[in-house]
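Please see the structure below; I have some questions.
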Amino acid sequence: MTALLLILIPLIGGFTAFFIKEEKLVKMWSLAVAFASLAVMSYGLLFAYNLDNKVFVAEWLPQFGSSFALLMDGVSSLLCLLTVVAYPIIFASTWKSKYTAPNSFYGLMLLTQAGILGVFLAADGLLFYFFWELALIPVYFLCSKWGGEKRIAVTFKFFIYTFVGSLLMLVGLIYLYYQTADASFSMQSLYEVKLTVTQQAWLFWLFFIAFAVKMPVFPFHTWQPDTYEQSPTAVTMVLSALMVKMGLFAVVRWLIPLFPAGALMFDNVVIGLSVVGMVYASVLAMQQDDLKRLVAYSSIAHIGLMSAALFVNNESGMQGAMIQFFSHGVNVLGMWIVVELIERQFGTRKMSELGGIAQKAPALAILLVVVALANVALPLTNAFVGEFLMFNGLFKFNIWYAAVGGLSIILSAVYTLRMIQKVFFGNENAVTVNTTEINWYEKTSLVVIVAAIFIMGIYPKPVFALVQETVTMILGIFK
Amino acid sequence: MSITEILFWFLTAMAVGGALMMVTSKNPVYSVLWLIVVFFAISGHYILLNAQFLAVVNIIVYAGAIMVLFLFVIMLMNMNADNEPQKNIWLKIAGMIAGGCLLLVFIAAIRQTEALQIQKVNTGGQTGLIHLLGKTLFTDYVLPFEISSVLFLSAMVGAVVLGRKGD
Amino acid sequence: MTYFQLRASYLTIMNSIIDLVYLVPLFPLIGFLINGLGRKNLSKSLSGIIGSGVILASFIVSLLIFNETRAEGFTATTVNLFEFINVAGLNIPFAFQVDQLSALFLLIITGVGFLIHVYSTSYMHEEAPHHYARYFAYLNLFVFSMLLLVLGANYLIMFIGWEGVGLCSYLLIGYWFKNTEYGNAARKAFVMNRIGDLGFLLGLFFIIQQFGSLTYIDVFARAQGAGTSILTVITLLLFVGAMGKSAQIPLYTWLPDAMAGPTPVSALIHAATMVTAGIYMIARSNILYTLAPVSQTLVAVIGLATAILAATIALKQNDIKKVLAYSTVSQLGYMFLGLGVGAYTGAVFHVMTHAFFKALLFLGAGSVIHAMHHEQDIRKMGGLAKKLPVTHWTFLAGCIAIAGIPPFSGFFSKDEILVHAFAAEPFGIIYYVIGLAGALMTAFYMFRLYAMTFKGTFRGTHEQEHHLHESPWQMTVPLIILAFLAVVAGFVGIPELFAADAHKLEHYLAPVFAASTDIAETHPVSHETEYILLAVSITLIVVSILYALNRFSKKPETGEAEGFGKILANKWYVDELYNNIITKPLNGLGAFSNRFIEKSGIDGLVNGVGKTVQWGGRQLRLLQSGQVGNYVLWMVLGVLIFFVLAITILNK
Amino acid sequence: MPINYYIFLAIALFSIGVAGVLTRRNAIIIFMCVELMLNAVNLLLVAFSKMHYENVVMFNPTSPVGTEAQLFVFFIMVVAAAEVSVGLAIIVMMYRNIHSVDVNFLNRLKH
Amino acid sequence: MNLILISALWGIVMMFSGLFIANKSTAKTIAVVGALVLLAGNLFDLSGKMIIDSNFNGMLQYDKFGLLFLTVIVLALLFYFLLSGKAIQEVGNHSYEYFALMFFIMSGIGLVALFNNLLILFIGIEIVSIPLYILTGADKKNLKGNEAALKYFLMGAFSTGIMLMGIAFLYGATGSFQVDKLNLTANDNFTIFLVIGVVMIMISLAFKVSAAPFHFWTPDVYDGAPTVFTSFMASIVKAAVFIGFLNLFMNGFGTITGKWQLSIAIITALTLFIGNITAVYQQSVKRMLAYSSIAQAGFMMFAIFAVNDMSKQGLLLYAAAYCLATIGIFAVLVKMKDFTIEGFNGLAKKEPLIALVVTVCFLSLAGIPLTAGFFAKYFVLAAAIKTGTYLWLVIFAVLMAAVSVYYYFRVIQAMYFKEGNSEMAETSSGFKGLLVAVAVLIILLGVAPNLLLNWLILY
């Protein structure tokens, strides 16, 4: 039931939001819906983490072998948790942002949530594809309507880019469907398909491109900085904290289990691209002046590590990647909140125009520094655990990948510290002279994130326990 | 060479020649007349092929009614060789080549089949007689026969809709 | 109660003291949290008291632990706190290991740390209350991280502390964040440390791959079975980490820049504790290095090179803190030399004595700077001996100690390293000669510094002279204590030469280095040789001291250096070199990637697809010419093509 | 006569029709060429009808084989007649508007 | 049979109504009633109760697929009349005649959907085509209309010639016009006739469904014809010809797929390519929709390419989705003052409901999930993938689908994200309600396609 409720609550809540014209009211409604999802998820995770709650199956399109099947296994509960945690934070931290037609904005945001949760939960190929697109459409409208100056072209590129990818996946999915013994889209049947190596190789790419665009893996990434830059920050948070996880998650749940031979065949290609992407994105991040672009490139670098780690075919990398799913989501959320606060207050995101904010807004500065340190994976922050394990996994796979990828550790320090210094340190200037401290709910949002950063950084064991079954499953498939 | 063969070749020459003349005539009126010649030749073939009814219908309907209609329209518009629009010479050549190629490809394809070389058609037979055709038309082919009326109706409506002046 | 019952209960308490080792880092952490979170509400005195008090508490616990470890037959004890990472057969608990080495370091860190905290309460009194509290929070956090570093029972916990101290160093160097220069220095420190950290991390991965564990006990136990080449790789990578943290060639340039931080920070972090983490790490992993002679040689060579390079640069520096900074780099080089030649005890011994006298020197420098109102250029000082008597005398003690005049502490530790270096095969004599040259330079520039600062006549402004005054007790008392230690600390390591069995430190640390001692071949130096060496070195040092005193008391160098001196004054232009071969190309690469590869290349390709489609649309629509004839022609061509196609298929 | 001859004749007429459509600009002539094509088809159908009849008639002299093709021709004529009426109506309508039957004259609709 | 009969008769009724009723606007009402009667007749067909219960010596065949397809078509016609009836009346002075012609076309569609004899197919297609020539030229004073009618007519007649040639050769090879008696095998004496016949019929049908390279008439005719009739042509007629296409190739040529599958594949690819790529540059929404209809035809060609049970389902769903969306969009387009994309700028602010419906329609055309268009594409692609060969064609198709997103979304962008002052004629609330019904149907089919497809299995 938890699984079903998780999708239904934001779905219904989202549709309802369209009819609430009053701005304040719709904000409160959305926050309430977000908290309701959080409550359901927490209850499910803490008190009812059993088979009944993890699985839901209803009839949908029986004659085509597709059913409305949901499965909440370890990694998907982790990502669902991330989603339901992120949404209240997003709503709270952007409480003060003004949007024209707020009812549509919040309605679409909640629909996106439903789509994302659906992606994480779907246990049926066709249903998965459905949610995959459902998550994309509202985001398209959100970015195009409420974004920056170049929003239409940029979002459009993003949309078509991801759309191409998902259509290729659809082709692969249908092909796979015909290979199943019982003509079914259910995850189980798809897993059991016996494919030749050639078939796997083909299908692997059909699926992988879809996921690679979403993640995004170098060189499919160019939509990402532009889109992040142009989107309203609330949407950027959804995009980077949650939607990129869709791609990574899909690799875990769909790509590797379906085509283990394909994954093994192309592991060097994928990891190579990812590692190149890590360094490349880090180098580019050093060049950015716009805060959003900086975070975007930094995110590409981090995603690169995760995607590489998913293919190293060892437990260390896999576990690390999964814990990093959550950590990256939390950290990048924190980064975006800071960016949002800065942009709202100073009307600019250019680092060259900012400076000295720490003098008048120390709380913001400190919270940012913590988040930024998590971004550079300092020990005892959540990202360290994941990155350590991922690098270890990568190292086991091939020493040189780890060594080259490791450069991003250094570079991440370079650009992150540069950002901190340019924005927060130094002397005040005309733009920042009237800095005011953040208010209590913004602070609370950030404190929640910081708390998550430390708790997971110091005691990651519960997360490991949660994702263990998935990891074991995948490694079992490889064997 | 039997009389049938002589007739065949004569009619063939007449048909092809007429067709060519129709296509190449500058004056539209000549074209119509040459086309009527072709129709007569084809009707002759019909008779050779023992399709007497069709031969008659062809002359009445095609050479008689339809071609008169064409002629009527051409006269109405007062067309002659002088105001006949001419295509670009290259386009004409392209058109000729395309038509010629079509012919060549067909012939090349069909020539290969040996079965066709020995397949003969003779004169004589019952098929084309009107009583047989009539019986079939009003039993087996009653549906197309009836439904043709819809076609004519719509053609009629069309002629009214398009042809009426003043609106 | 009987004697036995008493004895038993005493043992229980003592055991539980070891179990309570988590208190040592916990106190600074609490101090950090109180000072950090309450920085707006705490008064200055309160934050000072909290900041220093927690370190004192840690020091007391450390003392108890140290006392315990001195017991005969004490073996290394592991205290498990909780499970940190247990994945893929790799179990890394959050655990502390208490043994002689860590206990000694605990004492140094908390002891010197406490003194510096006390010193800071006065030194930083000009700061606004919340910045003051922030300062103590950082300092406490640093102590916490440093304690994690030395207490960890496995490499990962060490790495946590390792990066943690790097962070605190970053925060404290950039403490005055309004100043962009300081911020740059802080970033430089952090990034250079990170470069080393990457090496360290890769080393850890090799260890995991080779030994399946990061826990010291497991790793060291399995080390003897491992191949030399893999050990060489591991040790070299770990040494890269040490290069970063302990400022060795080529990663040393951050340390002089780090002097941007408040002076007590320089004393604590950039002299006494953090920079010795590399030495701690190698001493901790001594068995690995002993089994990898190539790495050992490299450590010695790099150490020696750093020692001599830094010493040459120090000769011509005019910033009081820069001189001390290069001296630190140089002394760290000696320690690595010691490690490289297998004198682990000597290296640790030098860490200890260096902690005392270098902290003393920095604090003394701080006292001078404090008195001079933040003037750091020694060319504008002079004749301060009378105005600042306590500072003067303690500083002098420090100078003598570092110069290596018996019986001050520096003599014993440095001598131990040099003697071992001399004994090393096959380059012993070269090590010794170069090392001695470095020691001479050390003596020279230290006394140049001393003379320029305290001797001669005052060269500053009149106003500065007017305000000259001795520092308050919070600053002088730590100076005195440290001076005392700098003078006497050497006696824990009296060499065999003077008194048999008098090297208490060696006995104390013996269990830690036992495995290495068993393996290493020793080439004992005969007593006669050793006497000669001592005599030569002491004589030369004394001569150079006297020359320096004589020269700089009377005719201080006030101008800019020229000729070769200019190269030295400009630090061999290493910063410029790095700038040209690393920073600039990297930025260029970034700009190139940003402009060409990203925008024109990859994005250009993506947009190119879109543009091609649009272009195609523009061109293709021209097919739609509007002429029926053309349309029919296309159709006929279509018919032809499909015909030919169909017939081709048929004939196949 | 071999059936081939009739086929070739029909194809020749058909091709001439096609060539006519391609080479002429007068809408009426083009339309007439189309009529020629239809007649070629008619001839072909009649020839095939005869061919199939010949193949069966030896075994079954009263077989109705071949009638359907001739009826088909009949219907083609029917349809052609209807088409001609509509077609000529369209051409006349056009002539009323632009006083020309040149198909190239009208090319507002393109691209 | 009911449907063919009733529509023919209702066509006559419309003609005579025009004679006796002076009021122009009654035409729509009578037509809607006619459509309802058609629907009823079709439903009786489906349940096997026919006025003339005969298959006319095998001339027709009442398979449930064809009948169900006709239901979809009739429903689409009903929506079309309801949404665009007024616009039809306004085209010219002959409103009753226009409706009559459309009813005649419906009877032709009935023949095309149910034929079992090539003669019926031929006559059906002619009954569909000839009135269309007239409708295209209905706006007599409009030169564009004239041009379109002439082009359509000449090319249509030409393609008729080709089709007849094909039928003649097919007859030569088999000696029969009955589709179920063709009994085609690849190793006949007359294989060459067979191949020529199949190719020529394929080409002429490809012409009728506007598949490349026989599509050239489409943009001009769709653009030149009065917009309401374009809507009719692009939706109902096109879908209907496809059903004939599929029936013939499935029942008639299904045994010799090897002979024509590659050709169809090439036509499909060309159609997708030309349709989509050319549409990208169009500035007029009407012309863009013309190209888009070519592109959509490319997708429907997959059903013919695959000829399996999936392609039946796919084509059925595709017809429904495509007709609904096209009729919805054209109904709005007719009311627009400016047919260019800029003409839609800012429509969402002025008419949020209409903009929403148009968006849903465009999303459906683009094949975005949750709309009927997604499942339509899904099924035809699935049908093609099921054949197991030509996977490249499917991949090419999805790439082209992505291109299609480009031009469909331009309209959505214009409506929602661009500032502008789009002008639109007054719309009644009934009209809006109907539009919403269209959108709801599209989404309903997009969520639960088996509402429609179950019928195929149940009956």
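For reference, chains read A, B, C, D and E in written order, and residue numbers begin at 1 within each chain.
The working rule: a contact is a pair of C-beta atoms (placed from the backbone, for glycine too) under 8 Å apart; a residue touches a chain by one contact, two chains touch by 3 or more.
Please read these numbers as outputs of a predicted model, since none were measured by experiment.
By the touching criterion, once subunit A is set aside and every other chain stays in place, the chains still form one piece.
Minimum number of contact steps separating subunit D from subunit E: 1.
Closest chain to the protein centre (all Cα atoms averaged), using per-chain Cα means: A. Look at the CA centroids: the one farthest from the centroid of subunit E belongs to C.
Between the chains B-D lie more C-beta contact pairs than between any other two chains.
Averaging C-alpha coordinates per chain places the centre of subunit B 32 Å away from that of subunit E. Centre-to-centre, using mean CA coordinates, subunit A is 37 Å away from subunit C. Computed centre separation for the pair subunit A/subunit E is 43 angstrom, with centres defined by C-alpha atoms. Between the CA-based centres of subunit C and subunit E the separation comes to 78 Å, rounded to the whole angstrom. Residue positions of subunit E with contacts to 2 or more other chains are 119, 123, 126, 130, 133-134, 137, 140, 150-151, 154, 158, 191-192, 195-196, 219-220, 406. Each of residues 160 in subunit A touches at least two other chains.
Along subunit D, residues 7, 14, 17-18, 21-22, 25, 30-31, 49, 51, 65, 68, 71, 75, 79, 82-83, 86, 89-91, 93, 103-104, 107-110 each make contact with two or more other chains.
Here the touching chains pair up as A-C, A-E, B-C, B-D, B-E, C-D, C-E, D-E. Those residues of subunit E lying in contact with subunit D across their complex are 119, 122-123, 126, 130, 133-134, 137, 140-141, 143-144, 146-151, 153-154, 157-158, 160-161, 164-165, 167-169, 171-172, 175-177, 219-220, 223-224.
Those residues of subunit E whose C-beta lies close enough to touch subunit B in the complex are 4, 8, 11-12, 15, 56-57, 59-60, 92-94, 97-98, 100-101, 104-105, 107-108, 111, 119-120, 123, 126-127, 130-131, 133-134, 137-138, 140, 189-193, 195-196. Per the touch definition, subunit D reaches subunit B in the complex via residues 1-9, 11-26, 28-29, 31-33, 35-36, 39, 42-43, 46-47, 49-51, 53-54, 57, 61-62, 64-68, 70-71, 73-75, 77-86, 88-93, 95-96, 100-102, 104-105. By the touch criterion stated above, subunit C contacts subunit A in their complex at residues 82-90, 94, 130, 156, 159-160, 162-164, 167, 170, 174, 177-180, 183-184, 186-187, 190-191, 194-195, 197-198, 201-202, 205-206, 208-209, 586-587, 589-591, 593-594, 597-598, 602-603, 606-607, 610. The touching residues of subunit C, when paired with subunit D in their complex, are 621-622, 624-629, 632-633, 636.
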